[in-house]
Amino acid sequence: MSIGLLGTVVFWMLAVIAVLCGAAVFRVDSMARATYALAVSFIAVGAQVLILGLSYIGVITVLMMIMEMAIMAVYMIMFMGMNPALMPMNMVHGNKAAAVTAAGVFAALATGILLAPWPDRAGVPDPDPTAALGEALIGSKMLVMIVVSAVLLATVVAALVLALPRGRYDRFGDDLRRRPPADPQPGGVGR
Amino acid sequence: MTVQLVLLVAAALFSVGLYGALSQQVVVMVMMGLELMINGVILAAVACYWFLTPTPTAQVVLLVVIAAMTVEMAMGFAVATLLHRSRNSDMTDMATDLSG
Amino acid sequence: MSGQVGPLLPEIILLVGAVATLLTGSFLPRPRQWVARIIAVAALIAAAAAAVIGLAASPVQVYDLTYTIDVPTGVARLVVMTATLLVIGLGVDELAGNSRESETYTLLLLGALGTVVLSGAADLLVLAVGFLLASIPLYALIGMIRTPAAAEAAMKTYLLGALLGILLLLGVVLLGGVGDSTRYTELTAGLPAAPTGVVAVAAVAVLGGLMFKAGAVPGHFWVPDAAQGAGGTAAAFVTTVPKVGALVAVYRLVETVPDTTHLRLLVAVIAALSMTLGNLAAFWQDDPRRMLGWSTVSQAGYLLIPVAAAGRSDLALPSLLVYLAGYAVSNVTAFAVTAALPRFRTLADYRGLAAGRPWLAGALLVSLLSLVGTPPTAVFVGKLSIFTAGWDGGLGWLVVLAVLNSVASLFYYLRWIVPSLRRGAPDSGPLAYRPCPWATTTAIVGGTAVVGVGLTAGLILALAS
Amino acid sequence: MLSVLVFLPLLAAVILAVVKMPDAAAKVGWLVLSGLELLMVALIWTRYQTPPPGEMAFAQREPWLPGVGSSYSVGLDGLSLPLIVLTVVVFAACAVYAWREQHRPRAQAALFCFLQSMCLGVFAAQDLVVFFVFFDLSIVGMYFAILGWGHGQAARSALKFFLYTFLGSLVLLLGFIGLYVAADPHTFDMAELTRQAPLRDSGWIGGLVLAAVVIGLAIKTPTVPFHTWLPPAHTDAPAIGSAVLAGVLLKLGTYGFVRIAMPMLPQAWQAWTWVIITVGIVSVLYGALVALAQSNLKRMIAYTSVNHMGYIVLAVGAAGVVTADTTTRQIAVIGAVTQMVSHGLITAALFLLAGVLHERRGSYQIADYGGLAGPAPRYAGLLAVAAFASLGIPAFSGFIAEFQVFTGSIGAAPVTALALPGILIVAALFLRALQQLLTGTTRGKSPDFLDVRTSETLAVAPLLLASLVIGLLPRFLLDVIEPASRVVVDLVSR
Amino acid sequence: MSALSPGLLLWLLVTLPAAVGAGLCLAGRRTDRVAGPVGVAVTVAVTGSAFAAALVRPAVAVPFVAGADFGLGVDALSALVVCTVSVVALLVMIFAAAERGGDVPTAPSRFFGLMLLFLSAVLITATATTLPALLFSWEVMGATSYALIGFRWRVTERVGGGLTAFLTTRAADLGLYLAAGAALAGAAVAGAAVAGAAVGGEPVGGAVGGSGLELANLPALPAPWRDVVAAGVLVAGLGKAAQLPFSFWLSRAMLGPSPVSALLHSAAMVAMGGYLLLRVAPLLAATGWAATAAAWVGAPTALVLGAVAVAQTDLKQLLAASTAAQLGFVVLAAGVSATAGGTAHLVAHAATKALLFLAAGAWLNALGTKALPALRGAARRWPLVGVCATVGLLALAGVAPFSLWATKDEILAAARERSPVLAVVTLAAAVHPRRMPARCWRWCGPDRPMTLPTGMTRRNPAPAGFRARRRRRCCRWPSVRPSSGRWPCRRCPAGWPPLWGFPVKPGRPRSS
């Protein structure tokens, strides 16, 4: 199965965009721009995924990334009190060491990638990869998804516990009977 | 177009992300670096799927990677919030009470 | 293939227990959150009972060979349950009435579940999600008390965990790519034919991720910070329980990856670095918890010895399990002592403990001597067997290094023991201050268990071999 | 029977530690326990029949760690029985001596009961893991004894002791593991390992394992150059702690030579026997010379321990010279075992007597005293007798031991005659110390020195009496030791 | 007695004094009153047993250390020595029990206890037939002599004298340890040669080891071992016998109480050195070189210490030096295989010297000094003692009718057979003693009234109480007149090499 010439060209263009935007994340002078650059990088990779026939996963990659960037923007406005568009920044430490490390890792990975005798393709992709994925998820890889559900539960609980300084007893009283909740800021969001 | 070339791109993304993760001071920026690394991993996973093992398992791998990314980022925001609230700072360098 | 519920009963009980604890806790008034605790404890006990039953059954692989329930899983389950129970016990004083009490129990149960999944994983994907499940509750537990130090520790843990987690994912991707599958059974067959370099890099990446959980070099930076900065409950949990799953997982990984990658040698080197670094760093610590944190790093080093000897010695697996059991009990007991005296944050504070609180001092003594490896405590049999396994596996140099490290470790453990045996000032020391009752009880129970495990370690060894 | 003997003190220790009771009750309890142990050990001695080679009397074996080929296995033969008796006797003397202890007597009684149990366990053990467990715990117990009841720089000395001997024990453990791994099937069982002698044809690995075992034991013994922990530990230890340390604990090391190193690693022992002999000679001479230079009585006695242990090392080294005649080597081993018993009795007495000095006047400095024979004639008499016994005057056990050590060793390896001046130097230093402490005008801290109390006399005199009995009528002891020594020499000659 | 078996008799001989002695020592002050009589009584019993044993010639052996028995036996040689020892001991005991003013009454129980222990050790030495038994008693003898010399422990100097004596003799004793080891090895080699390969199986303490350590079997040992044994025994013997170069200890040992000096240096310790060499004379002869060495140590000792003795101004020092010199003859006898002559000389010397020591002690007790110049006129003041001393001195000088004259001649004859040079040296040595009594007589003779130098008490480092006691004693002797504190010293030749340990100057009298 092939992706054709056009697919190949677009694939490589996307690859270039992904890497350049990735690099830009740490070159631009504001956090907002960095966020956009990261989003573009992700969307490019998502598109690559799409090109390689994994439409479902490509789409969720793109969607997820957009959501995440939105959250990040909210976060910055909420907590960092900065105008995301204009704030100049240069917040690096150990720049040189980090660069050397990253370059070293890249060199090592590249060498490995180029020298390794990669095996041939084993089999062909399913005609309907999404359906195959679905079957795998409720079949051989079911346990993975079960655990992922537990992971998501844990994430919800953990993230809330960490992020919220005020718990239910602060709002509703020790017997949970106070109505309306005692919030410094009215509106029912617990702030 | 070969697996090597795609993996090289992935490696590039991964390395750029690593650079960011190691060099940035602001927690959110570090997280961006981590995300870029995951981006590279996603690309690598796709490459593996396409060129090496076009099986459903490889797709599940991708799914798990994306789930991991999401979950880690959620926790990252939570931790950053906590740090911000408790220390009024979100700079990694300013949190140096614990050392030795 | 799917739907094999029976063998997974302990995991299911934990998950259900976590949900039940969370839900119940959400509707309980603050003074009655102990109900959530009861539920959590009941879930752990039920899970432990189920684990015992599972241990009696013959080994089985469920969910299309992605999860193994055999002796290591069974022992890991039991150790995790027991350690978590002890952690809850030592944390009652700290948590009772806390606004996050039921959430803490939920997270403890989920973290325990994650560790158990890690230990049973027979598939790289299960390993990866198990890693996530074991990690995420840790961040929350460490940051739970919301002090600046806790927040810092949570941040460091998170950053390191995320970084190494991504590394683990990369390894999973590559192994899955070149090995045609993510199941260990197929990887064992497929990997020898795959390009060695790729397999080696991938295995190292996975290993790196697991080292974060094990708290060994290079993923050890968070351990002392978490031990010092987090609350007593969280500190005891995060330095003890995740190691269990991580080390069993590493053991399985080492057995899966072909010899040509020399992964064993790398594990041996990591072991050497961990024990040495952990001991050196522990030498001059003045905070008992931070010292314990560094000591757990060195303990992770010892624990990696049988891993490095995996497949080379019949004793490798039994010794690993025995050591894990002994280590878990001893470490939790030592933390229980610190939790019983939360105001004592320097070693000098413990002066006069033996005179004022003899039982607590006894528990401290037993647990620390156990960590040193003194007979007849739990870790002694562990050390004996890991040394034997290491030597048998051709790692004489590592065993010698471990011996030297054991002697060195004695030095800093004694820095804690000696003041506690001295006579102290009556108005400021332990005599003037009432220790937390639950933590004290847990410490004493733990101390008894340390000796008990030491005396009955033969059973575990026999079971495992 | 044997297990009861070993674990009864442990039980007593637990009871003493846990049950709150008046101090006097604790002391009485300790005395009663010592009495029971004495009775039991007497019973064991009367019922003891020399077991055939390769077997043990009073043997008992229970499964313990089947996974690593280890079991709870105990037994007695001619090597361990005398040391078991020695242990019980020395601890009983300590119990009597401690009758007037003021400082936390209940805890002390518990700790020493614990120590007694551990020491008995080491001598009874017939499994390397069991041996190691008791060996290691004896170190821990001793550490706390020095730490809790010592004086001077007790904490530092105790730490030094602990670190040194703990290192030694772990090195020893390495050696044990080496033996285990080499054995086929893997086992820690001493009898089986002795039968197999697993590393017999393995060249340098055998040497390496032997080095681990020997260094581990040598640190405990201690021999030059591993002796530096001994003097500070003794100086700062309490009197009964020193007595137990010198009287019993040092024997754990030398006992290990004849019980483990020689029978299990015969070829390596033969190959390295000249190193052992050299270490022995150096220990004898160095210990004696350094003791001669001491001004502190306890340090001096401590260094004479290095010297006396050197005789044992010398003798067991000579026993490995397979080219020599069997008879002489047997005599050397008999002498070595006799020396263990003898040194235990005499040095324990000496340390208890040194403790009297500190208890009365807070000083061990020889120069602080003079003419003690005036105010304290009984003390002077006891000290003089103990000193003469220690320097190996006939009629006391030391002579029997040293005579056999030297006749056997010189016969097997004439070079050991180089160590003979050790006898002379030790005589010189003891007599000089006696002269300064006891004779001349009563001066320094000596005036109004309280003579030995009844409890002190009752503690010291039986030890010296035992030494005298062995010195005059050694056959009852040698008849027990001889068959076992013959076995050892046969084993090491393989 | 007749009801007793011979073995029991022998055991009685050696254990009775040991047991009673130990008992007296342990009892301490409680038995002070009865100690003297008990000591004398026990010695009487011992003397009786000794003569009985000399007649019966018993021999016993019990298993002792691994590889050797504890063997005792009385043969012709030891019969003579045992009797001499016990008789001399009896005399000394009686003297000590009768002593009033000297050292003994300060702690009689301890004194007699130690004396009895010492006696027992000497008797075992004399009767020992195996090396372990010999070494056993040999060392006990040294230890008890230490305790006896330092009997007055408050005087550091005296304890120091004991220390020197003990350490010197023990240094020589190392030879016996060496000899024992070599004998064992030699016996094993011999046994292996005889019994072939049957070494491994036989029990320790059996025939092979045991026979090797028997004194009688020593000459039969194979060559290299025999030489080592001979060397060791020779050194040990020379050390005890105060031969060159060990002789200095004997001088320091003179600080002990007089009865001790008498017993130690007449029939007991020093003599035992000579006795040992006589006993192993066959061994020495078997090696060849050892006998020659013994002879060549003995003869010069006799010569040099004879000269030293003549130069002494302290009576006890004089006697000590002459003891060493006389023992030189005995050693020489052992070296030239003149066992009979040597033994006779030993016995005769013992009798003579005991007499003289007792005389010296009597004077010392009476006058508080033993410096010859201070003894001026002593013989006239106490005629009986004077006569005894005169007889002793004449005998010592080898004057014709007395015993030493005959024995010395015999030894000389034997030496002449061996080597003319040796004979010349011996002859020269034999001349010395003839000058000595004359010298003593000149000092102690009848001419002048005796004096007690007061300077003595002034110089004495003894504590105040002690001094007071002596002053009281002085007061009981009204004839003592203070005179000038200076003694004539013109007669003493200065510059004896200190090698031999005897004072080269008259020095201050060493009494308490």
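Letters A, B, C, D and E mark the chains in the order given here, with residues in each chain numbered from 1 onward.
In the analysis below, contacts are C-beta pairs under 8 Å (C-beta built on N, C-alpha and C of every residue); 3 or more make two chains touch, one makes a residue touch a chain.
Here the structure is a predicted model, which means the values were calculated and not measured.
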item	value
Number of steps on the shortest touching-chain route linking chain A and chain E	3
Shortest chain-hopping distance from chain C out to chain D	1
Farthest chain relative to chain A (centres taken as mean CA coordinates)	E
Busiest interface, counted in C-beta pairs	A-B
Centre distance in Å when chain B and chain C are each reduced to the mean of their C-alpha atoms	26
Centre-of-Cα separation between chain E and chain C, whole angstrom	80
Separation of mean Cα positions, chain E and chain B [Å, integer]	99
Whole-Å separation of chain centres (CA-atom averages), chain D against chain E	39
Touching two or more other chains - residues of chain D	none
Multi-chain contact sites of chain B, meaning residues that touch two or more partners	14, 49, 52-53, 55, 57, 60, 64, 67, 71, 75, 78-80, 82, 85, 92
Residues of chain C engaged with two or more neighbouring chains	125, 129, 132, 136, 139-140, 143, 146, 154, 178, 180
Pairs of chains satisfying the touch condition	A-B, A-C, B-C, C-D, D-E
Residues of chain E touching chain D in the complex	25, 28, 62-68, 132, 135-140, 143, 146-147, 150, 153-156, 159-160, 163, 166-167, 170-171, 174, 177-178, 180-185, 188-189, 191-192, 199-200, 202-205, 208-209, 213, 228, 463
Chain D residues touching chain E - in the complex, by the definition given at the top	324-328, 330-331, 334-335, 371, 373-374, 377-378, 381, 384, 388, 392-395, 399-400, 402-404, 406-412, 414, 416-417, 420-421, 423-424, 427-428, 431-432, 435, 438-441, 474-475, 478, 482, 485-486, 490, 493
Chain A to chain C touching residues, read off their complex	109, 112, 115-119, 122, 138-144, 147-148, 150-151, 153-155, 157-159, 161-162, 165, 167-170, 174-176
Chain B-touching residues of chain C, taken from the complex the two chains share	125, 128-129, 132, 136, 139-140, 143, 146-156, 158-159, 162-163, 165-166, 169-170, 172-174, 176-178, 180-182, 224-225, 228-229, 281, 284-285, 290
Contacting residues of chain C [partner chain A, same complex]	1-2, 15, 18-19, 22, 26-31, 62-64, 66-67, 99-100, 103, 106-107, 110-111, 113-114, 117, 123, 125-126, 129-130, 132-133, 136-137, 139-140, 143-144, 146, 154, 178, 180, 193-195, 197-198, 201
